[in-house]
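Down below is the structure, laid out as structure tokens.
Chain lettering (A, B, C and D) follows the sequence in which the chains are written, and residue indices restart at 1 in each chain.
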Amino acid sequence: MTSGGASTAASTWRAGSPTWLYQLSKAGKLCVPAMNVNDSVTKQKFDNLYCCRESILDGLKRTTDVMFGGKQVVVCGYGEVGKGCCAALKAMGSIVYVTEIDPICALQACMDGFRLVKLNEVIRQVDIVITCTGNKNVVVREYLDRMKNGCIVCNMGHSNTEIDVASLRTPELTWERVRSQVDHVIWPDGKRIVLLAEGRLLNLSCSTVPTFVLSITATTQALALIELYNAPEGRYKQDVYLLPKKMDEYVASLHLPTFDAHLTELSDEQAKYLGLNKNGPFKPNYYR
Amino acid sequence: MTSGGASTAASTWRAGSPTWLYQLSKAGKLCVPAMNVNDSVTKQKFDNLYCCRESILDGLKRTTDVMFGGKQVVVCGYGEVGKGCCAALKAMGSIVYVTEIDPICALQACMDGFRLVKLNEVIRQVDIVITCTGNKNVVVREYLDRMKNGCIVCNMGHSNTEIDVASLRTPELTWERVRSQVDHVIWPDGKRIVLLAEGRLLNLSCSTVPTFVLSITATTQALALIELYNAPEGRYKQDVYLLPKKMDEYVASLHLPTFDAHLTELSDEQAKYLGLNKNGPFKPNYYR
Amino acid sequence: MTSGGASTAASTWRAGSPTWLYQLSKAGKLCVPAMNVNDSVTKQKFDNLYCCRESILDGLKRTTDVMFGGKQVVVCGYGEVGKGCCAALKAMGSIVYVTEIDPICALQACMDGFRLVKLNEVIRQVDIVITCTGNKNVVVREYLDRMKNGCIVCNMGHSNTEIDVASLRTPELTWERVRSQVDHVIWPDGKRIVLLAEGRLLNLSCSTVPTFVLSITATTQALALIELYNAPEGRYKQDVYLLPKKMDEYVASLHLPTFDAHLTELSDEQAKYLGLNKNGPFKPNYYR
Amino acid sequence: MTSGGASTAASTWRAGSPTWLYQLSKAGKLCVPAMNVNDSVTKQKFDNLYCCRESILDGLKRTTDVMFGGKQVVVCGYGEVGKGCCAALKAMGSIVYVTEIDPICALQACMDGFRLVKLNEVIRQVDIVITCTGNKNVVVREYLDRMKNGCIVCNMGHSNTEIDVASLRTPELTWERVRSQVDHVIWPDGKRIVLLAEGRLLNLSCSTVPTFVLSITATTQALALIELYNAPEGRYKQDVYLLPKKMDEYVASLHLPTFDAHLTELSDEQAKYLGLNKNGPFKPNYYR
């Protein structure tokens, strides 16, 4: 079972997704059944989209006290994490640009009102750079050199590889720790960039994860374990499985009372019309 | 190949989804390979989410000139169509309630800031009722009886079964056609409800579908046909298939230049890190 | 009494404001007391901000069926009308730029998340140009020449002077009426711009004014007339007056029941603490 | 000169407004000219609306780590501070209710999509209570008794009088300090409410004020002092004055370069048409 490594906040599809499990499986080296919990709908939406929508603001405020209104921001990657970051910053009055490699996510960014650019088109003018890609070397020295004085750089994606921090450890640059998790990197001409958490995950290093999100993720993991343990012989082979839709729905239903939310029940006639069991699952497994 | 029947605007998963194709397949009666185009990402997002976000406003304005600010609205169903309707009305200053049967969609409605209710909790107080369920008999006579004077009722979901219009064809109710697509149904005490398009699809009957959306849907359908025609013997059996992710991405990439959107390309090093081909597909098939 | 000329939808401060009344007064030529109803809060907010937030979408849809998502739009003027237009288009997924002459409104545009530009910076790239300035010759031939093919041009501001339509009546340009209120102006190289309502007000020509807004404006005007008629000798001289705050508040209170809105009443202790009468006025006259 | 007492973050009109100065003036006891800086547009918008839009989120996160999505919140008062709080929480997915005494602000709340209620209608169901009124005893013991377990209570308005904290200092209630600025008040049945900053201002006690906002407020104050000092004999009497519009505009123009914002200049012809000086002021003094 995996939910994106050790952390509950792995943030993009690429990052959180158990790529290595699928690779093991493909190579025939997976010796037990595995459940890809990370890609269940509840986990994806809550751990990534909804949680990061809040933690990007929280993480930036606690470290830099920056005012969001009017700031120009570039968000690299428009997966669930990027979508959350962009929505939050747009709502706070920032002007947000997006970079993407995947044309589907790119088109979504357009329709959501963000200019889709290459990083070099805006790197000189932005006040904040946020990576949410699951990729490596997205912000490299070449871009860091061209940022303007005071630009804030942080990583919401995965690991510590998205920003090439190693490239900043050169003799001509001075590092100044201004407070916990905040470094000023100073160029010979006096330009400073503000690097958060040394390029590690902002949401884990400088923000908190709400208990509500932890509860959802933990429930998903627990149910997956129970399913794998209780499943009759032969239901799962040495392969990677998505959490059954019905369990995904069960996780959600357990968390609805928090919001005093009232679910509607299908009538017999309606269930028959839709070809569904009245207790779900309500969607096919591939539905997201 | 199906994209939800004859219409490009079938609106919910349940509605647009070729349930009957899957049923045929399950019963062993499908005699050719079929491509479920409706559930491709670009089709789902554009035809449903993004298009309906605009057409709900357009359809209501053209028929009723209603002001959205301050109005109380209940939206039945929080699939892609419901999400689009809710987002648009919230942005225009309406107070929006949501009903759902699926706990995952229900929890999303909560996190997006909508109160999740049963229809009977709010039916007396709302100004507008919108169905987006793909289901039948969602708004039945019992609810119509309890709506307040002037309440507007319309269907954005599918077909003409979501509102039980037949139940309004009784002797004690008077129908008055006030303009094309707009009927007042008048109760003995003088109460009027405003029924749009006689319960048929508002977005098809009273609004327009942007050419951009038609282009996306048509491209998806054309590519699916080409793929089925050109596929080597044996690639597709007598079953229902989702559009290959790579084609889905190709549809999106063809529409990016409209927005002067600039896609970023993976470096060799990055593609290797992610285990991806530089030209895609960039996501697994189940990704949405 | 004036509410911005004959129209209830005069749209900017400059436009709707009875400049000429103040000029008459200054010149000593005003022979009766006058009430500047246009600048009452309820009139300003409803006729301009809230009404135009909806009518910009309505007017554009009815005339052009344009999809808003992803479109680049420049809005000239960030008064109440401009604020309404920008908010609506941003919510629908457009990328919006703003031009302004007044630094206070300009700073508000920044804080609301819009790039403040000069028209020439973006004129080549935008899909829609909207004027809301109350000024003349804001969009002149020089800009019209540089717009891209298919660009939509319309006026939400005042009168028909904001777009220099006369400059388009030259022999080398061809006009083609494609439907009511919609002209294609065609350049020799085939480029077309889409001119709406020949540069007259879009919201009056191509959209509807909700009865709710008419009710607010009419109530304001009626109360002003009653006040002028009933006022004791000497309360009003031959000058221009703002509607007394208490009447402004009364107009608002008359329209609250529509929304089932419940006002809180001050306790005696609270009224004393604030130095207010329990029945209002609750704000000084200059409060907006 | 006053900007709402000693603090730059006095938050509502009532609170920040120098009521006592106007009272002194009315009583003939004001012995020097005074400038009401608090009600200048830039001060109002930045110190109150734009700053509180961000600090409400920041203050709540730093003290409670609460997740905003899906939470029910009641905001008491819909002045500039209340507008900022409501906009931020709505954007984060909270369901927001508003209470108001002033019908104009109440109608604005309706049009912005918030249900206008009396506090007793929602007090049992909300997760967070925020006061922004400038008034006293808005949240009294009667309401505190009826809040649900875990309800968060805080003050964004003024002083420490909005929440009747004294009423919670009774023997049957236990206070537990859980961290700096956060107290649990525990009822005999175990119910806890979370009181922030002991009812003092959340934005001053538990959040930070961005330097950008301080700069705007300080500039306004400095210009007012210079004006009072330099003004020719007789320009100002022993009364309270609003900051001249031109200075207000000057403050704004000084802060535009931060955003790389480009102001448009009037042509001679346009200035003449509008009856304005090309350098401003661009609006009458009463314009907000």
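The rule is short, and it goes like this: contacts are C-beta pairs under 8 Å (C-beta built on N, C-alpha and C of every residue); 3 or more make two chains touch, one makes a residue touch a chain.
Note that the coordinates shown come from a computational prediction; the quantities given were computed from them, not determined experimentally.
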Co-neighbours of chain B and chain A - touch as defined: C, D
Chain whose mean Cα position lies farthest from chain C: A
A-D or A-C, whichever has more C-beta pairs in contact: A-D
Inter-chain centre distance, chain C versus chain D - centres from mean C-alpha coordinates, in Å: 27
Distance between the centres, which are taken as Cα means, of chain D and chain A, whole angstrom: 34
Separation of chain A from chain C, taking each centre as the mean of its C-alpha atoms, in whole Å: 41
Per-residue overlap in chain B, given as positions that touch at least 2 other chains: 50, 69-70, 92-93, 110-111, 115, 259
Residue numbers on chain A that touch chain D, as the complex places them: 50-51, 53-54, 57-58, 61-62, 65-70, 72, 87-88, 91-93, 125, 207-208, 210-213, 258-260
In the complex, chain A residues that touch chain B: 13-14, 17, 19, 23, 39, 41-42, 45-46, 50, 99-104, 106-111, 115-119, 121, 134-137, 161, 242, 248-250, 252-253, 255-256, 259, 261-267, 269-270, 273-275, 280, 282-288
Chain C - residues contacting chain A, complex: 69-70, 90, 92-95, 110-115
